[in-house]
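Both complexes shown next keep chain A, but they swap its partner, so chain B is in the first and chain C is in the second.
Presenting the complex of A and B:
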């Protein structure tokens, strides 16, 4: 039974960046910190993950496990503030000395890179702006799932085809330590794209292939470096001897070493933490254990808010969901509280597209209070009663139970409902193709970066509908709303832009392409010796902040 | 023209020959032997009880006592227990446990469904899959074993290689592979269209993978019978191959087939449970003992009754069928020739 928080690969229509997922990446979070007095340096963290990370290559990794580790070993020009809560969405300089100068009506970003930051052994040399240019161009050469974020850079499209001559819109000058990005059109989210691991510095000469298991090319700039990775067995992080902290936003780290065991399942992890043989586990606590653990070990359980939306999408191209009244009826007939219980109470019910952790872009709405009688009437009037409807879900608990609940809702409305379950490993790829194209399907989406654009534009902009890798799984395509999304995306980050996303959220829920029902949380159970827990929405939990009491 | 041949196989007349023929007198003898086997009789009674509880018992309990069917979800509801109203599913998702009450006697599952009702209805599914797949498996096995043993030569070699081929795969691996491919898109071969949630899929898959377990021993018996005098006599009287196989050989492999059938039923119930547990058996909306266990597995620490209840039902059914099958074998085959044929 799978339950990884894998980011969804791909997406992206030409010229527009963004990224999407069905299952996904991290989110902003509140959540606890271990406390425990003054931080202590030293010690080895005994950690575990259920399976191999997708990649340990910043050019290829597109899953939470990978980003969590790579955050501690790499740096980009910018980064998300390495803190819990809403502040973790703030973008701050990292390898850049300051935030970029934005000119040309929001189409040109110029960064000044700091001096004195060196790559880990065996490269050892100083990081220069052309390493950033190299890293972004390499994405296109290794067919990275992250290329869509950078396809709005001038020359990126032609480079994607030819892979020769570099991307003309990235101008790096190692002598003056500046790097300039020219965009084809303004994009307020570009700073987010520069802060995610795809844009972390990679030394020139790194091969155009997955270097996850090639130790001499796993080069770090951060406080830790990956000294060993044996798939299906273990990963070891040790201190990077060339690292020195250059700002308060880039901590030096307390632990001397992190030993990550691969292949521990969530139930076993709970037992190992309780037995004192494990300090930290990647996955959430198994839902059925949470209540007892909270009661027994309140100081060891931490619940993080994620920038997550969990919903059933309804395919507007397929009957009966081509009728607005039917989509609205399913929303009226769904008791969100029941679905939250199926998910072990781990989250809060919602009827929004945007999660509440995204600040002003979230304006709580409740357009479809539970009303089964009204819903039945709407379905009867639609003339679709009696049709066969298949609910798709993946096989990882408790999602099949949620699908069975949705099937019971559809049965109650007069449809002949069935459930189709696929392995999680193929599920999101399948539902994101027009060939797979379910009538109604479970979707879970965690942010790629902490911005409402990632939720509204990526999943609901009809201009993004494609045959393969389609993140607009509902196939909703309302031109007037698409135009509003496009205009909002060009706005700079800030309150005005957030207000537009909130308005779009309301407009889309009137169209009811989804039955949004849950913003999930991430409950963790850790060793009593582990402190300094920081959960950043993008990078997840941060090894450099952790420390172990003696 | 009917061919008259002497009844030639009795337990005393030909101890080295094939299993005793089951003429009317032998049925009485078989029944006498079976009655002396108390374990088999108790097992038969237990199995009959399970069948009665699942087939007529399930709807009776659901309508008269529990007042809800196996798929009625009641996540937000409450139930009266010990003078208190308790939530069927708590806010943290934990369902109510077993208790002395008509509703939710064995507790609820995560979707607020009555577990006892689901176990009863699940038994219907599991027994149906086990029995029907055993019937299909036996029919397929006879269709292959009779001509293979009767004609020998090329036909026998072809059938034997086919059985070898099926048997060369680990049986569960083959079953999982076949099921996984069929539960996604269903079965669409020419005019035959079977939906992905149809019970026919696990039935056919289980039947096919166990064909060699019946076909091989039956083929061996047919090979031995083929050279018996009564068969030669029937052929000499002008009976064609189909007629000989149907009227002379088939009745003489019936006992073997019956014993194998009873044993394979229990086996198939277990296989259905395994496939459903792995998510490639019966559709999740149709309760079966296997998928009830699967759906309860994630809460095995906090709500173990969800897996224990259907697990006990499977155990009782499988043990009773195996003991009954052993008794039947002992009664039909006092010389123990079938022992070890199937385990």
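Presenting the complex of A and C:
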């Protein structure tokens, strides 16, 4: 789950936050503001962000804001198709000339790297396969949060301990321009791992430390490069003089420059866009302003569908949720529509694990239509009525309201429910530790990569349960389902694999470890001069597609 | 000699305050749930090996007192303290933030002192009549205002709703411009933050000055001065007001220190000033101990120093007072 930067936006008028009401129809991007005609080259985008991005180092960045910037400056062997909608999850060649040859029963991936792509100044030389090997090995040397994606490569485990001699399962040949990855077992998701920014090319010799603020090592291959980064002040992107577009999937970009002001809060961003002093903001529209902005500036408000699932997890190790009937009863007793309203209508209700933005892996299901009477009967029969249940939530609006709603559902079912709230800064780390494990807790999960494995395997495979950093917060552990997940993960990407994820989604909802209720959207408000907005589930809005009208 | 002793004692007090502050902050961050930086640094799919490697590389597996000593060494000796959140250097970031925070706090202090004393004097001189009653209501409203809310409302009304009016079109919606780059824009960007930061203190100071004036006006020396034929204005300015400023000086020292060390946390994020306050607010949100440690000590330093200066000012206002 990638994080978005923690915001203290709830300081202001919480009473107004839920007044959005109604449901908005998410778009997948593309249009931009008010038409605009043919794209115009040139100009400076005036952008703002509430806080520093986590890192501007592809080896370390693990937040949406960092990836939005690094998408425009870096490239890997593969990339996600730089388009919106479900097609944005398609994996296409980037620095590779074609998709890899997969051999050895899915355990070996061989890439041919294209010639003529050069790093930005001051490195200037051509990108070679060993730069990819260097980038992945460097993850282990800088204690990157991304190492887990590459631990399935042969030799990665021992390299993590010794950090000497390289990872034996990555064989790079700069003369023939090939690079081969040997995996310990087949893994169709490996293509996703190669497409995310952790595997972007990094020139050999880059120091084994965060280079976000070290300009001479902030080297680009993409259309833009980061010419300045002053923490808590500004970031500047300019054109990379060594860049030339090598395929339609790697556009040259229209803007000459992007000036990113750091430290603007969401309320101020709305005012600045309205005043004409800001073109684009990294974060969502402040919730209390959305309804008015939609009415006043309909062409400047865009609502994007995120690859997101929002739910309450029920801990199957703790009563009363150790009983299947109770978990199913809570699902029957939850009115998803009410929860969507609590979230200001910013999203669509769901009873699936997989979000609808993931193509064929999503098969809409409705196993728990609202039926409070049935739910009450199931709880009464379970013998758990009257037990104390604590609902955990973080403190950022409107999540505490959602937790209160869930407590009211549990009260209605005959439990003695209360709500426990923690600051968002510590919440997810706390609930993912077995020591502080709650009975039932709010969870919001945004994709790391656009594949159903990130939702089903990562959050529901009992083999992944650990004491610290536990993503399987419900502790559901059904060996037969775990085996099906493992088998699906080994399959190549495609329709057959997607069908398996959809079937697993159905099976897990029968086990009811969660009350999934919302796929959240991302509402944005932009300058009328800004066009070419394309929202990709991984990179979000992409600078190279944007352009400014005169 | 007496002065040297005074400053030496204050210096010793400063060292003790900063030491206690640093120990308390360090311990708090090592016992709160979710405060383990190794887990946070390990990302969303942490492997036990990665968490262990981070603990080793960052030194989180060493005894707490060793970690504390290392942090103090990096802060005060090596000057290379880095943030856990984004691994940027803490001290240069604080250095860039100090002029912003001082611009905000000094400007607001000038405003609140001027209007606080002015309103207090008017109130004191017209006690019980309508100017006093109006200013009492205004002061109470000011004292009761949540300043971050006031900031958001002012921004909404003046830079969004009514921004097309020529009266407000010059007002920027937030941000900061360096004084040396453009003094006009520097002031324009700070007008609303100054107002927000000073509004509570104006109300408070006017009440303090009013009651102090009323108390002093009945003193024997004031009656004597009037009996000797001095004008009412001269008695007010040279005698009554001067004595009334003594409690105000104590109050100002505390408030100014608190503004620089704390209140700006509420104002800076609303206006995007990116000073020390906003850095502190963001560091709390990320549970980022190194900048929080440096910022807490910075706040403590200012509060102690400003209060020592206030003690020195007392001797000027009332030579009978001796500080040791």
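Quick note on the criterion: the second predicted complex is superposed on the first by the 515 of 550 C-alpha atoms of A that agree within 3 Å, B and C clash if a C-alpha of one lies under 4 Å from a C-alpha of the other, contacts with A are read in each partner's own complex, and residues count from 1 in each chain.
As a working rule, a contact is a pair of C-beta atoms (placed from the backbone, for glycine too) under 8 Å apart; a residue touches a chain by one contact, two chains touch by 3 or more.
Keep in mind that what you see is a predicted model, and the values were worked out from it rather than measured.
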### Task
Once the two structures are overlaid on chain A, check if chain B and chain C clash or fit side by side.
fit
### Task
Applying the touch criterion given at the start, work out whether A:149 contacts chain B, chain C, both or neither, answering first, second, both or neither.
second
### Query
With the two structures laid over each other on chain A, which partner does A:291 touch: chain B (first), chain C (second), both, or neither?
first
### Message
Contacts for A:371 in the overlay, against chain B (first) and chain C (second): which applies, first, second, both or neither?
### Response
neither
### Task
Would you check which partner chain A:259 touches, where first means chain B only, second means chain C only, and both and neither mean what they say?
neither
### Query
Which of the two partners, first being chain B and second being chain C, lies in contact with A:422: first, second, both, or neither?
both
### Query
So, A:267: does it touch chain B (first), chain C (second), both, or neither?
both
### Message
Which chain, chain B or chain C, ends up touching more residues of chain A in the combined arrangement?
### Response
C
#### Entry: Lowest C-alpha to C-alpha distance for chain C against chain B (Å)
7
### Summary
Residues on chain A touched by both chain B and chain C 1, 267, 422
#### Entry: Complex contacts: residues of chain B adjacent to chain A
71-73, 75-76, 89-94, 110-112, 184, 195-197, 279, 283-285, 295, 297-303
### Message
Give the list of chain A residues in touch with chain B in this complex.
### Response
1, 267, 286-292, 335, 337-338, 341-345, 395, 397-398, 400-401, 403-405, 407-408, 417-422
### Task
Within their complex, state which residues of chain C touch chain A.
32-36, 39-51, 53-54, 57-58, 85-89, 93, 96-97, 148-149, 152, 155-156, 159-160, 163, 172-175, 269-274, 278-279, 281-282, 284-287
### Message
Touching residues of chain A toward chain C in the complex: what are they?
### Response
1-3, 6-8, 11-13, 48, 51-55, 60, 62, 143-149, 151, 157, 160-161, 209-210, 212-213, 230-233, 261-265, 267-268, 270-272, 274-275, 277-278, 422-427, 429-430, 433, 436, 448, 458, 466, 468-469, 471
